[in-house]
Structure formats: C-alpha cells, structure tokens
Amino acid sequence: MSNLMIALEITALGMGLVFAAIILLWWIMVLLTWITAEKESTAPPLSPPRLGEMQGGDNARVAALAVAFALAQQEMENAHPLSDPPTALVSAWQLGMRTQQLYQKGERLNRQPRKIG
Amino acid sequence: MSNLMIALEITALGMGLVFAAIILLWWIMVLLTWITAEKESTAPPLSPPRLGEMQGGDNARVAALAVAFALAQQEMENAHPLSDPPTALVSAWQLGMRTQQLYQKGERLNRQPRKIG
Amino acid sequence: MSNLMIALEITALGMGLVFAAIILLWWIMVLLTWITAEKESTAPPLSPPRLGEMQGGDNARVAALAVAFALAQQEMENAHPLSDPPTALVSAWQLGMRTQQLYQKGERLNRQPRKIG
Amino acid sequence: MDLASLLPELLKGILHFTWGNALMITTALALMYLAVAKEIEPVLLLPIGFGCLLANIPMGGMTAAEGMMGVLYDAGISTELFPLLIFVGVGAMIDFSPLLAQPKMALLGAAGQFGIFGTLILAIAIGFPLNQAASIGVIGAIDGPTSIFVAAKLAPELLAPIAVAAYSYMSLIPIIQPPLMKLLTTKKERMIRMDYMPKPISQKALIAFPMIVTLVIGLLIPEATPLISMLMLGNLLKVSGVVERLSKAAQNEIINIATLFLGLTIGATMSAAGFLNLATIQILGLGLLAFGLDTVAGLLFGKLMSVLSGHRINPLIGAAGISAFPMAGRLAAKVANDEDFDNFILMHAMGANTAGQLGSVM
Amino acid sequence: MDLASLLPELLKGILHFTWGNALMITTALALMYLAVAKEIEPVLLLPIGFGCLLANIPMGGMTAAEGMMGVLYDAGISTELFPLLIFVGVGAMIDFSPLLAQPKMALLGAAGQFGIFGTLILAIAIGFPLNQAASIGVIGAIDGPTSIFVAAKLAPELLAPIAVAAYSYMSLIPIIQPPLMKLLTTKKERMIRMDYMPKPISQKALIAFPMIVTLVIGLLIPEATPLISMLMLGNLLKVSGVVERLSKAAQNEIINIATLFLGLTIGATMSAAGFLNLATIQILGLGLLAFGLDTVAGLLFGKLMSVLSGHRINPLIGAAGISAFPMAGRLAAKVANDEDFDNFILMHAMGANTAGQLGSVM
Amino acid sequence: MDLASLLPELLKGILHFTWGNALMITTALALMYLAVAKEIEPVLLLPIGFGCLLANIPMGGMTAAEGMMGVLYDAGISTELFPLLIFVGVGAMIDFSPLLAQPKMALLGAAGQFGIFGTLILAIAIGFPLNQAASIGVIGAIDGPTSIFVAAKLAPELLAPIAVAAYSYMSLIPIIQPPLMKLLTTKKERMIRMDYMPKPISQKALIAFPMIVTLVIGLLIPEATPLISMLMLGNLLKVSGVVERLSKAAQNEIINIATLFLGLTIGATMSAAGFLNLATIQILGLGLLAFGLDTVAGLLFGKLMSVLSGHRINPLIGAAGISAFPMAGRLAAKVANDEDFDNFILMHAMGANTAGQLGSVM
C-alpha cells in the first residue's frame, strides 16, 4: 500500500477525529454555559463599572486610578501595533477589540495592588 | 529487639534531642537579644513613623504615598481571607496582627522605589 | 623550552592579539558611528525632553509623572553608595554621571507602562 | 612550540570559516533585522537569529554538545520542556470567554486542519518519510510551539527549518492573507456586520472549561495531552483567581525564560552544515503552501458558515480561525484584537497532535 | 494497514481507561474544587489536583519517565531541590522578630513533636517499616515541604499519599482545631489577654540569628542542615537588607516556580495504580491522627505554660505552636496574622529531620 | 542497638568538626560581615559566605555530590551556565553609547591585560602549571564571572580561591586604587577637565554594535565567543527595544537566580579540606598583585594617552579602564556613575579568554 494512500487515510482519519472532537467540544461548551447560566456576574471587579464605582472612593484611590489610567493609556500609545493590524476586520470586530481593551484596563487597575504588595 | 521498642527509643532520643536543641536555642536568643540590646532602633524606614515624616515631603512624594496607601488598602480589601481566620485568637493577637499589617504597609511604601528602579 | 619562556611567548602573543582586536574594534566603532551618523535622534521617549513635553499632558499623566519622579528621587536617596565612589573623578565625569542618571529617570518613566501592563 | 605553530592556532577561527557560514550569518542578520526593524515576532526571531549567528562562528564552542546551547537543548528541547512551559504561559494569557460566548465558532478551528493534512500529503508525495511529513504538515497549525513540539518528537533532524518556517511565516500572515481575502470574498460579504453581544459567561464556566477540555481531549486524543493540558493548566491558574502568584509566574518568569532559551537553542541548530540542504528549501516551500491552504480553507469555510447562517456571519472570520495565537512576547494591547484568534489554539494543537500521532503510529 | 487496525489505535485512550482512573480523576476534581471554591492551600492543591488529573489520563505520556512530569520529578523531587527552594522563599517571607522578642515561645515548638513521634510509633505498630513510619510521622510536622523532603529521602514510594495528607490536613486545621480548643480549655482560659509588648529587636540580632541558628543546629543535628539552612538563607537575604534583588527573587520567581512544579509533580505521582491501596488509606488515617495529637499536645503544653506563668499565657497559643507556617502562595496580608506561627517552623523542621535521621540510621 | 551505640551517631556532627572547619566558618562569617556591614559586593559575598558556612558543617550533606550544592554545581558551574547567564543580565544593563561616543577609550581596556599576563608569568615562575597559571592570571581581568568561567574551564580545582580573590579584591578597588592614583599622578594631571560632549549615537549604531562585536571577536578569538556573545545578547535584547519582556527577564529573574546559585555553589567549594592549603595563599597573594599591576598599568597608560593628547585626557581614567564592570546586584542608581567602567568589560573578557585559550592550547 503506497505511502500516499496511507497519507490520504491519515488525513481522512485525522480530520474525522478532529472534527468529531471539535463538535463534541462545541456541545460541551453549550452544555457548560447553559448549566452555569443561572449564576451570571463574572468577577465584577474586572469590569469597567468598577471604575465609576471607585471614583467615588477617597482621594488616594482616585489618585491611584488616575495614575493607572495614565499608564494604561500611555501603554496603548506605546504599544507598537496598536492601530488595527493589516488584517483588521470590519467595525464589528473593532467593537469587540475595544471591549477587550476596556476589560484589560479594568484588569490592570485591580491587578495593581497585587503587583505592588 | 522489637520494632516497637526501637520506635520508643527513637521517640525518647529524638524528642530529648529536640527539646535540648530548643532550650539551647532559647538561651541563644536570650543571649543574642541581650548582647545587641544596646543598639536598638531597627530599620526605622520600615516603621510607620516614616509616613508622618514623609508627608512633610514635596507634593510628588505625597502623591506617591497616597497611591501606595490606596493600593495597600485595596489589597487589604481584596485579600481573600483577611478577616480573622477561624482559629483567630483573643484580641491581644489581633493587636499583634495589626502591628504587623502596619509594618507591612510601611515596608511596601519604602520597597516601592526598589521595585521601580 | 622552559615554562617561563612559554609564558612570555603567551604574553607576547596574547597581548598582541588583544591589542589588535581592540584597535580593530576601535576602527569598527568609528566606522559604525560614522555610517549611522546621518539618522541621529535615538528614541526621543528616553530623553529628558519627554518630561517637559509630557507635563503638557492630562492631569492623570502628570500625576503618574509626579509619582514616578518621587520614586525616582527616593531611590536616588535610598541607593546606598549614591555619593561619588572613592574613585570618583573630576567634575567632568560627574557631569556624565548626571546625564546618565537623567537618562535613567527618563527611561524609568516610560518603562513604567510596560511594567504595569 | 614556536610562533609558526601557534599562528594557525590563533587564526583557526578564520581558517575554519566557510561560505556556508557566511550565508547562514547573513540569514541570521536578516532574521534579526526583521525582528528589530519590522517587529516580526521579535521575541522569537531575535533569539533565533542570534543563535544562528553563534552556530556559524567556527570553533566558538557555544553550540557544541557541552556548550551552553547544547546544554540548553538537552534541558529544554529534547525534553520538550520549553514549548510546554511556553504553553503554560500562553494559557495564562488567553481569555476563553469569547469562545464560550459563541461556541459555534469552534468549528472555524477545523479549517486549520486542511493546511496540515494538505501539506502532509504533499510532503509525502515529494518523498519525505511519514514522521518528517507529519512534522512538516504541522507547520500548517500555524503555531510555533506546536510545530517545535511535534518536530522535536517525530523528526528532530528537521527542527531548525520547521521552526524557522513556522515562525517566519506566522509573522507573514499580514502579508499573505489580505490578497487572498480580497480574492475569495466579495466586498458585500466583507461588509457584513456581525452583532457581537455574547451572553455573560459565569466564572464557574470559565474555571470548569480548562479542566473538562483537558479531560475530554486527553481521553479522545492522548497524544494531544501534553500541549492541551499545559495550555489549560495556564488558563486554569489564571481564571481560578486564587493563585495570582502562580498565574503571574506563568505569564512572566516562566514564559519569558522559556521563550528566550527556546529561540536561542532553535537558532543554534541552524549551522551551515545541517541547514543548507534541499530539505530545508522544500520545507520552506511546503510551509508557505501550508499557510496559503490554511487561509483559503478558512475563507471557504467562513463563506459556507456565512451562507448557512443566512449571511449573518462575516466570512473573513474564517481566516481568523487558522491564524496563530498571540505569541508570548506580544504586548498585552496587541492581544486585544486577537480575541477571535485566541479561541482556536485548542483546535490547532489538537490537529497538530492528531497528525503527529497518526504519523508516528506507522 | 486498514481502518479496522487503526480504530483501536485511535480509541486507545478510552480503551485503557480504568475505574481506578475514574476514581482518581474524581479525587483530582475534588482537590481542585477545594482549592478554588474553598481556597484551601490553592497554590498547592490546584497544581496537585491538576497533576493527578494528568496522571490518570491513559497514554497521555505526561507522567511517563520521559514525560514532562517525569523530567520535573528527576530535576526537583529526587534532588530535593523544589522543597529546599520553597524553604528559601519561605525564609525570605518570615519575620523572626516576634520570636526573638519572646524567646520562651520557642518551647511551644516542641509540642509539634508529640504528633510526629506518636504517629511514628503507631505507624510501626501497624507494621510499616521504620523508614516509611518515620516519613509518615513527619506528617505530624504539619509542614508540607518538610514532609515531602523527608519522604523523598526515606520513602519515595509513599510520597504521593504523604504529600496529599500533609497539605490537605494542613488546610483542615481551621476545622480540626476549634472543637479541640473548646474541649480542652475553659472559657476563662481562652479569655486570658496576654500583653504583647515585645522589646525592640536590633537589626544586628535579626541578621545574626539566621547565621547562628544554621551553625548551631547544623552541628547538633546535621540531618536538619538542608531545611534549616535554606530557610535561614532566605531569611538572611531578607533581613540583611543589602541584597534586595536576591530577596525578591527568593520571594517570587524562585518560590513560585518551585511551588508550581512541586505541586504538579507530586500530583503526577497519584496514578490509580500507585495510589489506590491500603497503605494510602492507613497514611491518610495516621496523618489525621497526627494532626489531632499535635493539637492536643500543643494545647496541654499551652495549659502547662499557662499555669507555670500564673495564667498570664493563653493556652490557645499552644495550638499555634504546632500549626503550619504560611505557605508560599498565601497573600502577604494573610501572613500578617500568622506571625505567631512563623516562629515555629524551625522546630518543626528539626523534629521532622531528627525523626528522619534516626529512622534512616537503623 | 542501645543508647551507647546511638550517642556517637547523635553527636557525629560535633565529633567530625575540625579546626579547619572552625577557621573556614570564621572566614565565612567574615565574608558575610563584609557583605552586610560594609556592603562589599553583597550579592556575591553573602551567598559565597553562606555557602562556605554550609561546606564546613560536617555531615550536613548540602555540599555532597548529591546534595543541593552538588546538584547546582553540576547544573550551573560545570556547564558554565551560571556565569554566562550572569553575562546576559549584565549585558542587558550596560549602556555602550558612552564608548561608541568616544571609541578611542577602547584602548584603555588594553591596560587590564598587563595585570593578567604579569600575574600569569609570576604564577608560572612560582611553579603553577600553565592551565592553573592562566586561571590565576585572569583574576587580573577584575571581573568575577570571567574568572569563574575560565577557572571552571581550565582549573576547576582552583575555583574557590580564584572566585574569592576575584570578588573580594574587586570590592577592595576603592581601597587599593586611590593611593596608587595619588602616587603616580600629579595634582595638575588629576585636575585636567575633559570635555564630555559625545556626539549623539543613533539607535541603529547601538543595535548593530553587539551583533558586529559578536561576529568580529567570535571570528578573531573563538574562545572569547561564549562570554562576549552572551554579554552582547543581553545588550541586544535591551537596545533592540522590541523585546522588553526578554530584556527584563535577563535583568531580573535570570541574573538574580544565577547570581544567588553561583555564589552559593562557589562558597560551597570552600571546604576546609580543599581550601586551606599553600596554593590558596599564593593565589590570594597573586590576585592582590594582579590588581596592583592593573591599576599601575592603567594609570601609566592613562598618562601616555594624556601626553599624546596634549594633556586633554585625565590620566585617572586609565585606572577606570581596568576596573570591574557593575556587578549584577548593584542598584540601578549605582550603575550611573559606572558609565566609564561599563565600556571595558568587553576587553577584559577578551583578555581573559585569550589568556585562557593560549593556556589551554599547550
């Protein structure tokens, strides 16, 4: 049986296996999210709302925020390929991008303490 | 000679040795602290007083302080098991706890520079 | 041939080689700097000017600056052997020293974001 | 001994210098130039380039078995430790919530497979033995560590060219993809706006996900366990939120050191003697092809999904399905617009390892 | 070869899956649940649980001798490097000044010994050979790294159950101790307020302490040298104040990486084949007992001191004497209220190693 | 077995204690005192001192072949990994722009050679074999890692005394140099003010420099490749500006851990048995001499340049040419006033390795 035939068989089997696994994974994810759907609210501290909520805090905290923000922004500027990459897609994706950036800023803000402690 | 007898002998010897070592250690510590007692004043930079002293500094430093404090506090809040642990003992110990927390805050403040440098 | 003779030969050869390499290196450096001389202005973000330029930024950034500066200064103070070392040379060198310190402060300022991100 | 006998000793460096070395050093400088000037995968191409430089300095001894590079190779490449540690770090940087929010996107990960198997078949057609062909095919996984992991396992003799192909092409995606995108999709299709409103994912789901995936994939495709499990371990450290220290260690110390050493040692395998041969050129060719196939397959797959979804899916995301996940060294900001890519490493690694497994079976 | 011959190959993962694997995987998930949901020693139980998961995925190869876990085991467990590095980090986090301020508290460290030796005797009575019995007894040291260090030295075959017992019970202290405390002390005793006014300790004393302890203990109990000396090294790096860099490295990079790898490799030894047997159950039982004995002994010791001091000492601190020192991963904040625990590691390590020594002698 | 037979077992630590141990422990405490109280190279003298302490605790087992120190020695000293990793970190901290701004200063680096070769000749005269003499001569390089690297390669049996000499004298420079400076230069000469107005160096030059140097030196003096290339790699990581992560890892994790382990393992080789002998005393003497020679040669060289330049160069900078580059552990601030020193490591390493090479050739 020629090598090529074997290769084709591998391809058939391998891709079959991968597709099977991917579809299985898909179901698992659907199931997982469906089961845990009740208890929503993931780590509020990570989400932008916190910013607002925190501004209310004492001055010291506000200062901390200010700095963290300044740095975050600065990073955004310094970050070399921050402008959309050559493969940048339509605005829907940029929206997603920004969401995640906000998410990251939030994260950065509340990582801060750990980092310093 | 049965294993059990050996075990008992080990226990006798082992614990004797440990007690001996511990008592020796006790004396050493007493001696050590007594000898070095003259020159007191351990690393003042680490102790809260510094804070006060520093507040006198220029605004920039005060800002730095403010932030460090905000972060320190935030950490205290985020720190998961910050409330007294189930085994928390009488208030005398909580006092000790707070002392050390202050100590740590102080430490954090003057670690800052190293961290950034 | 005695060991000592060999040693002397090694010395002759070794030092000859080192001097040759050093002189070669010297030329290379001259050449290198001469070739790249056209495009001057390296990494402006690293140089003190940036500070000024940045002060113009929003308050948050100024706050960040303030802190970074405070810390930078504090470090300068804490840094144990910051006074000129016993081998410190004439003021011309101290000038160079300060230049580099400024350079470092600048660096520290714009490293900041990376550090936090 | 006199001077006459010493001179050749002193000049042995130059005397052993070959044209091959010169060529490879030029390659090394080129790689470093791409890394520094064009910022193409600098965290990997810079060390690889430098390692390649070292490998072509005659008698330097750095790349000898007992030299530093040899020591690192035995410590981290033969043991597959470096790529796996990189995966731990990458896992700690990935955010799976976008995938969990829209599970059907997982299908896009399958597109990457066409590149792998297409290349595999071609490699065999050209005459590579199965183990080598499989390793070459994995270039189509468009995922450096995976390629290195599989190559180190199945065909270490091809490690250098495969690694170079994987990383340099991975960085060429911005150049390779756009024309194919324009060619294969209509302006109307590219204009499709997808509503991005994922339902919130609970912390529980995010924490359970890496455990379940490790378990399921591990049982289905044992050979995929190492890569998947380390990726998921890193992710678990991050999402669990209770081991901040370990998560940070994975995202910094561990991945940075592993990446630096990985790059150096891979580059150090690029000695003129071992690298300059037909196989290398073939592999570079096949690698490029693999990337092309991936993109085309991804786009067609995207179009299919677009049609099936009644044009509510933008086919361009099909191309995203095949693309590389964010390399360790990229700035966090860059990760942001990779969110749709993040989701597919899993499948890449799976595909890669399935091919690897089957290849090794025979 | 045809499909018929390939299928078993493809499904070999599932075909090799045993009930034992299923049970151990459940254990692994349980450990990870405790770590994440209950935050019980997460820095160790999470990696241990994940390692256990890997160890029970058939054919995964991660826990094979040449797999990643095998490589890490040879690198850090056989060499005892990981526990020792963890000690360096722990030492750099400990503050000995409270102990130096009230040296008599050192006596409380002795209480921990009762647990060690009581368990040792029982283990022998049950029929364990001396080396194993000693290793089991050291669970009574209530100190993970010490237990692992001694077990790796005297009875590596019991490493997994001992490590699991040490860490899981260590984390059960909050559940084990309070009832015993209420049982063995009167309300009046528990109410005793101790005046906490230590005299200031000079920097000199703090710096001299680790050096002297290393020297004295090293000469008295050579077998205790490794643990004590690394603990004291870490402490010296911290208190000396002149090597901030090294102290930070010990408190972060070194301990974090060592902890992660230690947990993974320990967990990876929990394969169904090696873990599911009578010995494990006996060890878990003995370990629990050791903890109970420790607490009781500590409390009685505390009562004794309380009486001798004319009721100016709260007997509850006796229970503190036996307890675990702050694990590397705990947040700095948590360390604060452990200050009274910090002081006793020294004795634990000593007791542990004395037992280990004598056991190994015969 | 009864108590009578156990006692010697229990006291074996004390029974094996020798006067040599006592003497070495005193040395260890002295080294740690210098490190902590006088802040003399603390990052190295503290670990070295502690390692020395461990090496002289009888039966402690830390410094046995299978002990932690033995393990680290095999991992990092025999493989020369630790000194090389330190060089990567040092390179990432060096700023070559001052040297590039005034290339003629490179000549000053040559001064360091006189110390190396002068010592080499003397060592041979005293009767050391060539390989040992070369290693001793390299103390004149006034550069710890270089000395350790060469000694580990040519004469590992002398590693301990050479390392101790290199680091302790390196830290005595502030005491050794000033008197010689006053002696050899006139007040007028010392007052010469040099105009420090370097032309701006382009980023391009800074990035190209490490690549070119690695290549040129590597071809001219292959034996210098390891040290030079790692130094330049670190510098490239820093100046390239595109691999912040790797640069930081080199400046922190990598160099800190390597420094700590290097110090400990070097110290651990200072056992009374191996250290207390005539050779050690001779080496310490020769080392001191090497430093003196370096300084004198540097100053005379400086005077020569001063004259040739028409007294526009301050001869004192000649002394700078021979001096140690900033050790890894120094605070960044300290580095600032070392800028003139930074520039010369390159030559030191070259000189060191040339000597090493020639020595090893015969």
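Which chain is which? They are A, B, C, D, E and F, in the order written, and residues in each are numbered from 1.
Everything that follows uses one rule, which is that contacts are C-beta pairs under 8 Å (C-beta built on N, C-alpha and C of every residue); 3 or more make two chains touch, one makes a residue touch a chain.
These numbers come from a predicted model, not from an experiment.
> So which chain is the furthest away from subunit A, centre to centre on CA atoms?
Of all chains, F has its centre farthest from that of subunit A.
> Would the interface of subunit D with subunit E count as same or different, where same needs over half of all numbers used to appear in both copies?
different
> What is the chain whose Cα centre is as far as it gets from that of subunit C?
E
> Where the centres are mean C-alpha positions, what is the separation of subunit A from subunit F, in Å?
46
> Using mean CA coordinates as chain centres, what's the subunit A-subunit C distance in Å?
38
> For subunit A versus subunit E, what separation do you get between their C-alpha means, in angstrom?
36
> Give the residues of subunit C touching no fewer than two other chains, as numbers and ranges.
Correct list: 6, 13, 17, 63, 67, 75, 79-80, 112, 114, 117.
> Would you please write down the residue numbers of subunit E that are in contact with two or more other chains?
Those would be 1, 6, 39, 220-221, 241-242, 244, 248, 253, 331-333, 362.
> Can you list the subunit D residues touching subunit E in their complex?
Contacts found on subunit D: 79-81, 84, 207, 211, 214-215, 218-223, 225-226, 229-230, 233, 236-237, 240-246, 248-250, 253-254, 361-362.
> Which stretch or stretches of subunit D touch subunit A in the complex?
Touching subunit A: residues 39, 95, 97-101, 103-104, 106-107, 109-110, 113-114, 116-117, 120-121, 124-125, 130, 133-134, 173-175, 177-178, 181, 190-196, 199-206, 208-209, 212-213, 216-217, 220-221, 241, 244, 248, 314, 316-317, 319-320, 323, 331-337, 339-340, 346-347, 350-351, 354-355, 358-359, 362 of subunit D.
> Over in the complex, which subunit A residues touch subunit D? Could you list them?
On the subunit A side, the touching residues are 3-4, 6-8, 10-11, 13-15, 17-26, 28-30, 32-33, 35-43, 75-76, 78-82, 84-101, 103-104, 114.
> Spell out the part of subunit E that touches subunit D in their complex, as residue ranges.
For this pair, the touching residues of subunit E are 1, 6, 9, 12-14, 17, 25, 29, 32, 35-36, 39, 42-43, 46-47, 50, 53-54, 57-62, 66-68, 71, 252-253, 256-257, 259-260, 264, 328-329, 331.
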